[in-house]
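You will see two complexes here that share chain A, one where it goes with chain B and one where it goes with chain C.
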Partner chain A sequence: MAELTTASDRRRLVALLSPAYLWLLVAVFLPLSAMLFFSFLTDLPQDTPDWGFTLGNYARFLTNPTYGTLLWKSVTLGLTVTLACIVIGYPCALVLARAIKGRVRETLFLLVILPFWSNSLVRIFSWAIVLRGNGVLERFLELFVPFDLRLNLMFTTTAVVIGLVHSYLPYVILTSYLALQAIDDDIIEAARSMGASRVTILRRLLLPLSMPGLMAGAVLVFVPVVGSFMEPRILGGRMGTYYGTVIEDQFVAVYNWPLGAALSFILLAVVLLILALASPVLRKANT
Partner chain B sequence: MKTFLLTLSAAAFAATGALADEIRVLNWQGYGTDQDFAVEPFEKATGHKVVHEYFNSEQEMLTKLRTNPGAYDVVLINSIYTQQAVSEGLIEAVDTSKIENFSGISEKFATDPQLTSGGKVYGVPWVWGLTSFAVNNNSVPEVPDSLEILWNPEYAGRVAIRDDAVEAMHFGALVTGQDINDIKDLDAVKEKLSALMPNLRTFWSSENDWNQYMAAGELDIATYWSGSAARSIAFGLPVTFVVPKEGAIGWLDGLSVPATSEHKDAALQFIDWMIDPDFYTVWDAAGAPASANSEAAAALSDDAFNKVVLGNPDLAARVQFMAPVADETRETYLEIWQGLKAAQ
Partner chain C sequence: MKTSLLAHAGRVWLALILIFLYAPILVMAAMSLNASPFYQLPFKFSTEWYEQMAGNEQIITAAIRSIFIACVTTVIATALGTCASVALFRYDFKGKRLLQILLFPPIAIPWLITGTAMLIFFFFIGIGRGTPAVIAGHVALALPYVIVTVTARLSSFDIALEEAARSLGADAWTVLRRVTIPWIAPGIVAGGLFAFAVSFDQFVVSYFLSEPGDSTLPVMIYTAIRKGFTPEINAISTIIITLSMGIMFLATRKARFGGEH
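Up next is the complex of A and B:
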């Protein structure tokens, strides 16, 4: 920053950056501040004239064990989905970046991004059609087995995980792909000429060098999955109550916005805490 | 000259306005008042124009009444919210002598304590219905007579209820033999509902959901609303609506006139048409809840769902009509319900 001494440079900097900061202010900071404000209220000002300030909404998280249980359930779901995304997505990215070249790679890449072009609700409902009893999946499998097949996948935790993995897999593939693709071919050639096996190259070179991308993908998956509510609600049935669905209930079903806002900020704090605890690992990955 | 013309057209406009008003109705979307067969004959007969506005929750309806004085002339209020609207001065007493069809309304509904206050009628009883359950005829060949069938392990994973804390608690109260409006033994209800959870396949959230699950054979037994059951049966689904021996949850919807309405006479004319047997028989054919007007109910054909199932005289004794639920009670119910769901 020491170079930016002249006034004209500084002016230009302000002019160039202000749209982005203005956007962040209006679209992110203001709504979040309003929610933070709501989380300390007893009632919404537009509904009840005698509203006041309270810490009670936060206290309810501590006094009612239900919320803690659900938060733990959601974090577990987040870890499961993230792990599944890595296990499926990283090999995909590896093949895309290192083994396939030219037009085929472009086509495959397009296929990875394609689900992103459809609405997530549509994707989840298509999974409901596939997974439900006597649905597409069961009918298809029945072509190969002689007996009456009952998978009973719909309305289970497995169904929720399947739907979420499908929704968020592209993040891991894209970030890992970018990191893997940036690795210089000469390094791999050098390792190979020194007699390194494929496994050694993967373990000692590709994996560490692409770790920043993989970790970025993992964070991009984990954070939204912990707060997810639509997928559990549609695919989870009676198993589909998570922290996110309880927050949604506060906003749309019981009109307790203050409690919903407080629960949301507790979720935000917990997610930030998890990321902070994981930051040594993340930072190591970046060096 | 120009001013004169303007004044003249304004006068002409005001004159037609006195004869033909534009009335604004606040209701759920697709709930009787806004259907073509409701609006068109009324507009043709009276010359009034009917405009609709919708709400998505009772809270929203009350907020709209509070914040838009003079904007509405007829409003649908579920009986459990009528007293709140009266105490806030949002609606005014209805002059029932101006409503010809009011005489047909059964005594029980006309004097309902939730729709009346100080001997005056604040909500004209319009339609009522039950929340109970329905069974799939293909998988439950014998129609059960008890709510306990929801707990029957034979149907494990084939049962659904609605994801609604108050409704779940009410069912728990019915099956444990308690008054739904004054649940004394909450622990018994909680225990009973906890035992129900493993039997559940999912929670249904809309009529469309319900129909799809039943049609796909995902469910054998599910709680349901009588009006929706009538529609599903008319639609061809092989289901039977059951009012078990433990009873069922009743609800009553009334039509009220906001205190700030500027077209009260036209509003009463519209309410009169809404409880008219001629309108109700058409609505019933398209799938309607039960009419609070006995004459309208009697006008139905003998095989109509609303006559056969809800017209049954010994049913009335088993129905427990919902009373207003206090905020604290609602919170308690919600906490119990969320705890039960979180334990899954």
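Up next is the complex of A and C:
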């Protein structure tokens, strides 16, 4: 790696970096700042000439308990989905990383990760087909029970959780797998030769050593789930009102952009707080 | 005995997860070939929904727009991202760490927040909604993926190769064109495929930035689902998911994300 010694080096550096970062500035960082600014306005400057500054949008969040309740509902949804992803995904990562070897492992790993890169909207839609009343799932389960089955899963919170776990499970498997796979086999062998049981090895070695990876996965699941709106809309029906859907409404149905901006910004604050709380563990995951 | 039992349980668990991940997608694909519009069983084979889809002008226009936007996004994001990666890899300078950290907000902040923020800002500066706004947003979301992928490939690049070429009389441009770029080409291709997938699959940001009636394919599907499902949506969804999984399969082959080999 070269130190910047000459002026031409410096010019080249700026020329190489500035297009990408200017783009990010205009399309991400300025918009986020603009959103903060707009959240303090009474009206949109492009709509009315007599707009002014106000704290009213934030006051509405504090005085109307609906917003707080919905934010809490979204946080609870985030925790539920994250926990489910950990319980389902960590053992899977464990099997992949420690019990399977070679090309089979590589193929299985790819199979687990692949759906994550496909269209999330389409995958949620596919669950709507599976879960709908008298749909494929109920018909399939009826093969095993002698009576008519009515699960009525569609348009419930359970349906939303299933869809979201399906969407975000690969994150937890990916990060846990990478952490577990990096653990030196010799450590495990040493513990075993000294008489450690499988449970002890898991509890005292594998789990602590892979904790940063597991935490990284948990954060990667929790953050987008708190801000989800499309999944609850499609799978939740009337049960599907969450903090994210309220923000969506402000922008596409109610057209109260300043309120939407304030609600978005509160969500951003919650997300940043969680990222900050998790950052000591995440930093360990990086190294 | 105990060992094999545990190993078996682990494999069964893995198999169940794969079923969980793929079953709904396969059901959707099967239902797109089922004659009944209400997904009634027993299954009766029919390509009717694909024919209807092919004749649905709204779907075709949205598909063409989505592919166009994804292609433009891929070209811009790959070009800008590769340049930035080369700079980040090659030079040591103050603020480099900050620039690397700045790549995370577009990935880590929920798209709902980024998307609504872009909508507000683009209206404020006069771009408004529409295809240029969607492309601006998609490129921003794709850039970090390109930079991370190309940088990962660059980290295996031996800088001595460049020095060798230079000492043999090659100028900076020749070194870049004949030594550096051929080496990082697989990373650039993988980054480009990621960029295409990010754009083609993107729903949230497109949803807020699309002009109504002038939307991308995922936005059109969302609107259609909320009005009530039709099997045509099923057919186009099956095509989309096959396409994007195929692209990602290629990208992961190129980028080699599976750990050691």
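We take it that the second predicted complex is superposed on the first by the 246 of 287 C-alpha atoms of A that agree within 3 Å, B and C clash if a C-alpha of one lies under 4 Å from a C-alpha of the other, contacts with A are read in each partner's own complex, and residues count from 1 in each chain.
To be clear about the criterion, a residue touches a chain if its C-beta (ideal position, glycine included) is under 8 Å from a C-beta of that chain, and two chains touch if they have at least 3 such contacts.
None of these values were measured; they are calculated from a predicted model.
Contact with chain B, but none with chain C, is seen for A:Val246 once the two complexes are overlaid on the shared chain. Contact with chain B, but none with chain C, is seen for A:Leu70 once the two complexes are overlaid on the shared chain. When the two complexes are overlaid on their common chain A, residue A:Pro19 makes contact with chain C while staying clear of chain B. Contacts of A:Val122 after superposition on the shared chain: chain C is touched, whereas chain B is not.
Using the contact criterion defined above for the overlaid structures, shared-chain residue A:Arg132 touches chain B and also reaches chain C. Of the two partner chains, chain B is the only one touched by A:Asn152; chain C is not. When the two complexes are overlaid, the chain among chain B and chain C that reaches more residues of chain A is C. In the superposed pair of complexes, A:Gly237 makes contact with chain B only, with no contact to chain C. Shared-chain residue A:Leu207: touches no atom of chain B or chain C. Residue overlap on chain A between the chain B contacts of one complex and the chain C contacts of the other covers 46, 132. Against chain B, the residues of chain A that register as touching in their complex are 46-47, 64, 66, 69-70, 73, 132-134, 152, 154-155, 237-241, 246, 249, 253-255. The touching residues of chain B, counted against chain A in their complex, run 57, 59, 63, 157, 164, 197, 200-203, 216-218, 330, 334-335, 338-339, 341-344. On chain A, the positions that touch chain C within their shared complex are 1-4, 9, 12-13, 15-17, 19-21, 23-24, 26-32, 34-35, 38, 44-46, 88-89, 91-92, 94-96, 99-100, 105-106, 108-115, 117-123, 125-130, 132, 135-136, 139, 166, 169-170, 173, 177-178, 181, 198, 223-224, 226-230, 233-234, 244, 247-248, 251-252, 257, 260-261, 264, 267-268, 271, 275.
Partner chain A is touched in their complex by these residues of chain C: 6-7, 10-11, 13-14, 17-18, 20-25, 27-28, 31, 39, 41, 76, 79-81, 83-84, 86-93, 99, 102-103, 105-106, 108-114, 116-124, 136-137, 139-140, 143, 147, 159, 172, 197, 200-201, 203-204, 207-208, 218, 221-222, 225-226, 229, 233-234, 237, 240-241, 244-245, 248-249, 251-252, 257-261.
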